[in-house]
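So, here come the structures, one by one.
Each of the two complexes below includes chain A, the first together with chain B, the second together with chain C.
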Partner chain A sequence: MRISKRLIILFLLPASALYFWFFLVPTFSALGYSLYDWRGFGTNQSFVGLNNYVELFNDRLFWRSMSNSILILLLGGLIIFGLAFVMTMMITSGIKGRKLFRAIIFLPNVIAVIALTTLWGYLYTPKFGLLGAFFDAIGLDQLAEFPWLGPDTIFWAMLVAIVWIEVGFYLVLFLAGVDKIPEDFYEAARLDGASQFQMFRLITVPLLWDVITVGMVLWSIYAVKIFEFPFSFTGLEPNVNSYTVAVYMYILGFGQRQPIYRLGYATAVGVMLLLVVILVVMVLRRLMRREQLQY
Partner chain B sequence: MVEQAVSRHSPQPARTALSDRRWIQHIPAYLVLGGWSLFTVFTIGWIALASLKSNREVFREPWKLPTELQFVNYERAWNSAKLGENFFNSVLIVGVSVLVILLVSAPASYVLSRVKFRGRELITMIYIAGIGIPYPLLFIPLFAMLAGMGMTNSKEGLILVYVSLSIPFTVYILTGFFSTLPVDLEEAAVIDGASDFQVFRHVMLPLASPGILTAAIFNFIGLWNEFQLALIFIQDPPQRPLSLGLYALKNSMTYTGDWVGLFAGVVLVMAPTILLFIILSERMISGITMGSVK
Partner chain C sequence: MLRTKGIVSLVVLLAMVVVALGSVAAQEEQIELVYWSMWNETEGQALVIQKWIAAFEAEHPNIKINAVWNGRQNQTLVRTALAGGTVIDIVDQDADQIAGGLMQEGFGLRLNDYLEMPALDEDVPLKDVFLPGTLDLFAMDGDIYLLPYIYNTVQFWYDKRVFREVGIEVPLTWEQFLANNDKLREAGYAPIAAEGNEPFYSTFYLANMVARIKGPGFLLQTAEDPTGEMWRDPVYLQTSEMLRLLWDRGDIPAVTLGYVWPQGQNTLAFGEAAQSLVGSWLPIELANMVDPGFEWGGFNFPAVEGGEGSVNDTQALLLAFMIIKDTQHPDEAAEFLRFIMTKENQQLMADESLVGVTRKGIEWAPAIADAQAAAMNAERIFPDVDGVYAKHAEYLNTILGVNYSELWQGKITPQEFVDKMATQSAEYWATH
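Let's turn to the complex of A and B:
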């Protein structure tokens, strides 16, 4: 419909002004800041061109954080999507309690990550934690004392927890997609003697393709900026082996117990984060470009 | 129920055999889904129960029920650890933020989805792009900006940040919702002589209320659980929202060893959102797919 220009502007203005001033402007100024050497929130900034990026390239801790983030993105994504798919197949196979399963598996998504890291932190505590007590009870003493949050295993311990949280979200997404597929497709396939797996592969997956694409984009955007879990999983200091890019960036910018305030350099890390998002979304769009199926 | 009734009235042996086999086929599904769900319910339930135990009981008898309910754990978390103060900070920060988010996003989304004007697609695209910008990129520029305005370390500053950063996602949800509404009522109202603003206020807004409620729930849960931005913008303990308070409690637990007090804190943080989810899970689950599943 058409309404007066004045009203259009009036309706758009408050949201646009806030979005522009406190979201878009900082985004673009971040690109600028990343070219400066800027320590402490004072005014002494000096232009250093791409020096921050050159330094990043040789920064081992940055690469370790980046490879952790990429590992979460790719391996975590593979596990999460795989599990969500299997569960989608199971929930839609005509079992009872469909809505209950869906709701419970989704539940971790509504809980504060800080509460969940506390829960998982306790779960992994050797001997006294839930896992330790469980192994203790079944007589596996060695496993009961195993330091899951030690440097060798902390990343994997974290990945398990992240998978546990995220599977429910993608399950819900896929299930909604499945609900849109007309039931007669399955009826017809069943009459032709198709197996459950064949129906899944030949009907569900192709018709769910759009939803999968959206899911992958959402996961990528979310995965590269994971911060809370590694940051608060262990005690006061996050373990270097579970650093993600966002954690490393925070530590460079704001420090832990000791402030570091390398603001220009930290912002360059942030820009790398944006580049990863852009790259992944571009790759996904390329990979996912398929013929649109109309039904 | 219906299926049972049907099969009782038409006893076909072939069919019963088939459904028997089906039931066996379903065993792996029940095992996986049931096991997963059980784990989730058990761990969260265990924490909730442990929050009413004594520290001694938690470590000595992790699988037993508490002998005496230790409500004193909650008193410690609420008063000594000041989570009570943090709780009310969160209520205020999140409440005001959600209200303002909807107040600014609903009119914008209405215009973007229902009104034809030049530049509409471009503006919508710019809004949606915000969803892809990773927050950490904004930490330092936003902090410098707010510091310049003297608004760091204040609830108002955090609210401003929350509102601004929540706009893209909210506009995305609401435009999706507004565009599904039928045009007839809008046109009828115009014919009846309603002004543009009246159409929005008295016709479209009430029609969109389910979508607005969904956006409100998502923003409430997201901001109630928010941690990163609060960590950056709030340093003073009295200004802290609940998530920061719990993080501080978690850190001090490293020294005090008071696990049950920490568990009480965990319950205080997660109870409101879990309750909301129990009441509104259907709406939330259908809301997740708003826009992304056509």
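Let's turn to the complex of A and C:
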């Protein structure tokens, strides 16, 4: 049956209109706002051209935030995907309780972020927290009082928590992909005497490539604009040592406790964030491009 | 007879018309005030405000107050709503925040004339019922836009039983404070409970110390110096060294570095630490954690020998109402604010929310009696970070807060703090 072009356009129109109105218009408006000095109160704006972007390039906190975001993206991604691969390999090796393990590892994804930050905050509390109590119990007094949430380690403490939360999501994604791979491939490999690792490397990974690519794109977008966890991890206010670009943008534009309200400048940060996301996704898609395997 | 009947009918008809017209007129006079609140609907303060609204509406049947409970992001939401044309008549927020936001942007209604009106329950102008300094704290060129209704003081909070046990008195000078800390340490207490990673609280030390040495207002002046050279005034090196001394002596235990809010202040409730420099909301925050015998006391930041500031100068963190200047009903909105300042209403807030209030002659809750004493005896009051918070929030967040946190955490030396502040302040003001 041949569907007329008019009908296709008709069906596409509502979604396209919504996309245009709620995504494209705000995006291009944001580009415009980023050229103004504006606190967001009323219409009192003054055009400053590219000054916001010039200021951004000399803004220490912006670069500190960007560096944290990049570290979460690269290092966090490496650990998350590494762990997700290992767990996928283990869970698909035929062990009992596969569903239980999957559910347990995925569990953090269904818990509210604020509950998770509270949990991790208390876990890291020196002396009274879980880690403190553990080290205290085994007689490691110095470690029991170690300031995990101190300025030098707070970012790393946060990264560990993020990895713990996110690994479950990518594990489930990979497991769903593995379920689609015909069992015959593995049986043939076993008959040929392949080890578990060889089967994983030579069958699972190549046939899972598309899923891995999608996972990496999703992670990149999430990691570059990560907000909720860093925002609520460090008490009353986000800590500068764990600022991400999205957190910094929020602080500048919308305020937490401090009435900064530099909406024009914050929008410039947002535009940079969008550009970084686009760049990362483009690079990733290029790096991950492979010949498609049919099965 | 017929004529009489006709006249009676006419009178009745006229009366009905008059009543109907009156009813229409009364309906036309129905006024709705829209109040956007910084409280969540079930918080203690919100419950009191709901009672205020109900009582006010009962006294003014033609006025209805429609409250929107937004929580702490209120001002940000108000900003967006006003830009979208939403009608809002009254808002409230931390005074420092609203002074640096809506008020600074010219959205506030000037209240001076309303403050000259008599108070509802006392034969004095409304402005005279406020505790000293509270109305003027955020005045701009003599114009008042904020009506403060909750009063928090920043003081050292402690358990009086611990002081009795250790045999120490409330310190009036820095030397006495350090001597007390020695005794507290010897007795096994951490002298000071604090957070290592919370600039909102740790800057209380900076603001109070500078206020004691140079008087309130000097820190704000320094922050506003476009050359940054005022940071080289000896007071900042002295202040930095004195604050670092608290860490070096162990008055602030090293483990504090790993505490984020509220983990540090909790050590006061656990009986591990002895004093905490926080707002007078602390006794309420820790109410469910301290043992029933905990005897709350509070004392002002100690005086520094030779300093220009007094031990009675008090850091005040107020919460305030503001009327949006474009309101269609300024008189009715102002009437509501006059209404909430009666003794009865202020006492209700003090009793049921256990917070300090801004009206004179109200008895605050016993746990914060020392906060009330500080508020009444205050020679001068100063806002958060001496006004830097309200006037230069970005500077505070990106320059002062960052460098001060590094000093507080021992990542830079006092001299490095001074140098960085001088250099980075000059850079900041060159582009702002």
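The rule is simple: the second predicted complex is superposed on the first by the 270 of 295 C-alpha atoms of A that agree within 3 Å, B and C clash if a C-alpha of one lies under 4 Å from a C-alpha of the other, contacts with A are read in each partner's own complex, and residues count from 1 in each chain.
Just so we're on the same page, a contact is a pair of C-beta atoms (placed from the backbone, for glycine too) under 8 Å apart; a residue touches a chain by one contact, two chains touch by 3 or more.
Since we're looking at a predicted model, the values are computed, not measured.
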Open item on the list: Looking at the superposed three-chain arrangement on chain A, would you call chain B and chain C a clash or a fit?
Closed with: clash
Open item on the list: Looking at A:Phe254 after the superposition, I want to know if it touches chain B, chain C, both of them or none. Which is it: first, second, both, neither?
Closed with: both
Task: Of chain B and chain C, the chain that contacts the larger number of chain A residues - done: B
- [ ] Classify the contacts of A:Asn44 with the two partner chains as first (chain B alone), second (chain C alone), both, or neither.
- [x] second
Open item on the list: Just to be sure I read the superposition right, which of the two partners does A:Phe197 touch: chain B = first, chain C = second, or both, or neither?
Closed with: neither
Open item on the list: Between chain B and chain C, whom does A:Phe169 touch in the aligned arrangement: first, second, both, or neither?
Closed with: first
TODO: Figure out whether A:Pro147 sits in contact with chain B (first) or chain C (second), or with both, or with neither.
DONE: second
Task: Selected from 91-99, 145-153, 163-171 or 217-225: the stretch of chain B that, after superposition, runs into chain C - done: 145-153
TODO: Indicate the residue numbers of chain A shared between its chain B interface and its chain C interface, in ascending order.
DONE: 41, 121-122, 128, 235-236, 254
Open item on the list: If we count contacts the way the header does, which residues on chain A are in touch with chain B in the complex?
Closed with: 1-5, 7-8, 10-12, 14-16, 18-19, 21-27, 29-30, 33, 41, 86-87, 90-91, 93-95, 99-108, 110-115, 117-119, 121-123, 128, 130, 133, 137, 164, 167, 169, 172-173, 176-177, 180, 196, 210-211, 214-215, 218, 221, 224-225, 227-228, 232, 235-236, 245-246, 249-250, 253-254, 263, 266-267, 270-271, 273-274, 277-278, 281
Open item on the list: Can you tell me which positions in chain C touch chain A when the two form their complex?
Closed with: 72-73, 75-76, 79-80, 82-83, 94, 96-102, 104-105, 107, 195-201, 254-263, 266, 270, 389-390, 393-394, 396-398, 401-402, 405-406, 409, 411, 431
TODO: Can you check the complex and tell me which residues of chain A touch chain C?
DONE: 39-44, 55, 58-61, 121-122, 124-128, 145-151, 154, 234-237, 239-241, 251-252, 254-255, 257-262
TODO: Note which residues of chain B are touching chain A in the complex, please.
DONE: 22, 25-26, 28-30, 32-34, 36-37, 39-41, 43-44, 46-47, 58-59, 62-63, 103-105, 107-108, 110-112, 114-117, 123, 126-127, 130-145, 147, 160-161, 163-165, 167-168, 171, 183, 186-187, 190, 196-197, 199-200, 221, 224-225, 227-228, 231-232, 242-243, 246-247, 250-251, 254, 259, 262-263, 265-266, 269-270, 273-274, 276-277, 281-282, 284-286, 288-289, 292-294
